[in-house]
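Everything on this sheet refers to the single structure shown next.
Just so it is clear, A, B, C and D label the chains in written order, and each chain counts residues from 1 on its own.
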Amino acid sequence: MRERARKVLAPEVWDFVEGGSGTEFTIAANRAAFDEIALIPRVLTGVIAADTSARLVGTEAALPVAIAPTAYQRLVHHDGELAAARAARAAGIPYVVSTLSSCRLEDISASGADIWFQLYCLRDQAKNHELIDKAEKTGCRALMVTVDVPLMARRLRDIRNGFALRPEVWAANIDSGPGSEAHRKADWASAVAVHTSAAFAPGLSWRDLADLRRRTSLPLVVKGVLDPRDARAAVDIGADAVVVSNHGGRQLDGCQPSMRALPSVVVAVNGECEVLLDSGVRSGVDVLKALALGARGVLLGRPVLWGLAAGGEDGTGEVLSLLGTELREAMTLTGCGDVASASALRTERLKTHG
Amino acid sequence: MRERARKVLAPEVWDFVEGGSGTEFTIAANRAAFDEIALIPRVLTGVIAADTSARLVGTEAALPVAIAPTAYQRLVHHDGELAAARAARAAGIPYVVSTLSSCRLEDISASGADIWFQLYCLRDQAKNHELIDKAEKTGCRALMVTVDVPLMARRLRDIRNGFALRPEVWAANIDSGPGSEAHRKADWASAVAVHTSAAFAPGLSWRDLADLRRRTSLPLVVKGVLDPRDARAAVDIGADAVVVSNHGGRQLDGCQPSMRALPSVVVAVNGECEVLLDSGVRSGVDVLKALALGARGVLLGRPVLWGLAAGGEDGTGEVLSLLGTELREAMTLTGCGDVASASALRTERLKTHG
Amino acid sequence: MRERARKVLAPEVWDFVEGGSGTEFTIAANRAAFDEIALIPRVLTGVIAADTSARLVGTEAALPVAIAPTAYQRLVHHDGELAAARAARAAGIPYVVSTLSSCRLEDISASGADIWFQLYCLRDQAKNHELIDKAEKTGCRALMVTVDVPLMARRLRDIRNGFALRPEVWAANIDSGPGSEAHRKADWASAVAVHTSAAFAPGLSWRDLADLRRRTSLPLVVKGVLDPRDARAAVDIGADAVVVSNHGGRQLDGCQPSMRALPSVVVAVNGECEVLLDSGVRSGVDVLKALALGARGVLLGRPVLWGLAAGGEDGTGEVLSLLGTELREAMTLTGCGDVASASALRTERLKTHG
Amino acid sequence: MRERARKVLAPEVWDFVEGGSGTEFTIAANRAAFDEIALIPRVLTGVIAADTSARLVGTEAALPVAIAPTAYQRLVHHDGELAAARAARAAGIPYVVSTLSSCRLEDISASGADIWFQLYCLRDQAKNHELIDKAEKTGCRALMVTVDVPLMARRLRDIRNGFALRPEVWAANIDSGPGSEAHRKADWASAVAVHTSAAFAPGLSWRDLADLRRRTSLPLVVKGVLDPRDARAAVDIGADAVVVSNHGGRQLDGCQPSMRALPSVVVAVNGECEVLLDSGVRSGVDVLKALALGARGVLLGRPVLWGLAAGGEDGTGEVLSLLGTELREAMTLTGCGDVASASALRTERLKTHG
């Protein structure tokens, strides 16, 4: 599916999707951190059909998976977020709408999927409140605040490509059409980075998060936490979940892989909020590994974009269906009747691999 | 021998033999887990000729090795199981007949080899009892129940090949001729997987094993255990041996290598049953490494099929003869006069290799 | 920038700059020791603009970085040290003048940069005193004594190249013009090594360092310490700082990477002197990793020479500017408002990489 | 030098020299075990000229190095052992004559080098006594008994080459001319292995060693010990030294690298005998690493054969001279004034390399 997407996409869009910051060391480390974990199966547990259903931040889901908020999905397929959300609905899993979605939140919500809204805090505080209000009104089931973008890291592929949005794609939730900085191609910069730098509020603190917490009654998910001290802070301001994430290797290059951070975050939150994970999930076995290390569920990013690029709603559906099949198989092969059992699996780190 | 086999076999049969599940990560990990172990030889122990004989689950064997139960051996050579069993008899080691053997158990038993019967529990409980009764009547020396196939994992090579049995090969112990699902070629599936899914009982539990234990007085071997808690459960239902195995990397991809699991299983069973191992054994030194980590013996799978494919009974005999030579040499070079001494060898894990 | 430098330089000069001793194992190990460290970012710390300023051995610097003393900079650009020092002044960071600089200390000092003087103790003790006096008179802010060159290691590239200085480049602080051993090309040796062997005092001891400490009131920096016992000795003779360094992999091949030595040196000195680091720093993230492991700052060597070769003062400025940008970004992404905060970052060693 | 030797030698002789047993895994592991060790230099120790002299089992040597006993040196150069011994005399280090030397012990002794005699215990006990008597009479300074050849391991290169000695080369200490099994070329075997199998006594025990100990007053060196329990046994029978060795990777494939075994052997013998090491030494830095881990000295095997092949006595001399230069440099760079100081160096294992 990845190869099909690569063929379909313009090179600079492919780079925008695939690329990370700096040397892309973190991207490689994310994968190695999955590969080095070996699962230790249980046998003869009497499981016939593994039940993959999960409850994620109050949303019932057919898989312990939500679709990660990725920006500008119309870059990879003309139906963009609408197609992906429909595939999520069909698969029975939550779809997280990005602040930078290229379709409007209200239109995506109309797809009938369980929608969560991802918020990048903007400099324009009124706009933030407007977005939260809209999330509530359109029936979003959770508010996910991304906290690992105090600035957008230098993504060298985009800089080299002078990456900018095509006129027909724009940040539909915050701009009314093309014409923002995100469309002004430059030789020396990513226009998208220039745009986010202009739009996003810098210098956020836990106090800002606490304000958000008070403002909405939606479940609050804090995305982008690696240090267990920050996970603890999230619990303290009343977060319902944290997402252990390094932004798919797109922010700090040289960052800890999220699978390495997961166990200490799980210990730190001590069951007082849910722990989700993203950055590197590519298969159902990966999902099970994350559950075995204590995650409640995962977010799926690039594979969804591959499916969307290759085949719109159907392609995305194929990706999710395969993931479900793989997870069900892996759970059965490890004797897990349900997702809760997965956390009792033992694992071993294989240091000779990678 | 492996190269000779590759030349002789049709590509899709080669893939069926060599392939594993998913990314075949577990296959690579199995080998790395052998390679990373360094043996520490003893010197001047006075050993002239190392005695490789062993007693495996009550069967006297010339080597601490049994031939692993692999399905449909007539796929790789027209004499199939009959040839392999004759080679086992000549080598003086037990031959394990698979439920999915392509020759009938009674015919293989007539070879004069020490036969163990491997049982996949079938949905048809009467058939299970019939098979066990036949194993007893034909003089089988042990009953080995495979417990790591609650379903057959997705083996991508077979799926891509649309692998199906040729008409002249069928599961001689459970079908009366060609015509089962295993022969219906499909573009999107392995016919063999469809067949096993239809035939094998899902949802097995330790209670089922306990029932089997009561049903037969044959020594009971539980194959496919990695978690020490499961090894303990096997002891508790009265198993005579466990086989530490990940099914040669053909079931869960991302599974712990059996050599990594071995030491904790040995500790867990505490001498209350025998511990055998398979998945990755390729040489006499590998056998000695397994003994040094506490195994009583090993099962040999793919190398037997290579020998069988390359030269029938003679080819299999060559493989077993070379393995014996290698083991005898390795034992002499480490000062082990008999297999029991091997467990006193020290080992070191070399983390920089692989 | 590295590639631009490689194109501009004569092959034997490139080898002189890039090469290390022996198999260049230490050079590779230096890089691996950076790459294996993963940073664990903090979030929501309220940092808007990270303040990269630092105080290094009493010198205020815009970055926690000084330009490392490297010899004969006129080999790579005709303006040599003068250009590099001007770039340092523009970047607001200290410039360390080598005893083997190809411009005179007094001329470099006139650039207006904060200058530190690096001393190789010479056989000619009077000359040593003269150099120290000149360092004081020209307003140098610190005296850095290099202690890891009891002899110059065999650098095979230089030996193979029969490397010698061109007539227009000489050790301006100790020779009055071309004509020293450093210019006598030989097939079997590096002329530069022959020259240093003739000029440098062998057999230095801590007693010599203590004498130097008494002779000058300048802050004293001891460069080339890896063993924590030596770091402790530096504290004991009254050093103001140590530089954890393996001379960029140019001295002992098979030497511990400086990033591996750093943590125990930090513990050993117990805050009683500053700890700087060099050998392998290539990016702003590398700088932050060194700070996270307890360094007060770093010295930057080869990248400065790349910039100098590629574009003189401007090229050097580009290198420093990019480093500053990268460091600022990395600090912001890890929630560090200032360089002191960096030492509270957690790190993890990723053993599966490299 | 290695490349020069490869060009000069017939391919089957090159394979005989370079090859190891089985997959040659141990050969690679031997090198990795050196490479992974990082030395931590000391500075300012006042060392001007490092003194490399050592006392090895009572023999004064200019380097902590002896030439390892390797068989049939006339295979690689027509002057064979005579040339190598002369080079050893010139370099001031001991030369160990193999039982399988292709020149006679008495002729080699006449070279004036400090000679040690290496004994493979033969089936013919009278011959053993004769050899020991001759060693004493010809002024040998030590008797080295090799204990890791209870049989000669299968060296696949030699088997494939059907390796046999040329008529002009034979085991001059035990045969009177060509015509032994070692000269009978076979397609399926190494003639040299057949010969040693016929000649060497199998089933040796510590009791045999104790007998040898009583028979001679020469210092006794036990070569081929890895397990610390065996090192302890060597002390107990009165050995003066043990050589930690895996026979250069030519015996057990999958064997512990000798550098990994060294530290525990050093602890086990507790200073009650000397500890030497071989298997993988290629440079002066390697020698220093062995000393840092507690060895008193090393034996040098293949590099001597490379030098001998490439240039007879002169080539061997070049190898030894370079090794001395490298060692002297490495000692100076780590602040070691003499070989005793080397054992106080700290080391670190770098797990990310190899």
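The rule we apply is simple: a contact is a pair of C-beta atoms (placed from the backbone, for glycine too) under 8 Å apart; a residue touches a chain by one contact, two chains touch by 3 or more.
Here the structure is a predicted model, which means the values were calculated and not measured.
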Same-residue or different-residue interface between chain B and chain D, half as cut-off: different
Relative to chain B, chain with the most remote C-alpha centre: C
Gap in Å, rounded to a whole number, between the CA centres of chain C and chain B: 60
Whole-Å separation of chain centres (CA-atom averages), chain A against chain B: 42
Residues of chain B whose C-beta touches two or more other chains: 351, 353
Interchain contacts (touch definition) - all pairs: A-B, A-C, B-D, C-D
Complex interface listing, chain A residues touching chain C: 22, 25, 28-29, 32-33, 36, 147-148, 150-151, 153-154, 202-209, 224-227, 229-230, 233, 246, 251-257, 260-261, 351, 353-354
Residue ranges of chain D touching chain C (in the complex, touch as defined): 35, 37-49, 283, 285, 289, 325-326, 329-330, 332-335, 346, 348, 350-353
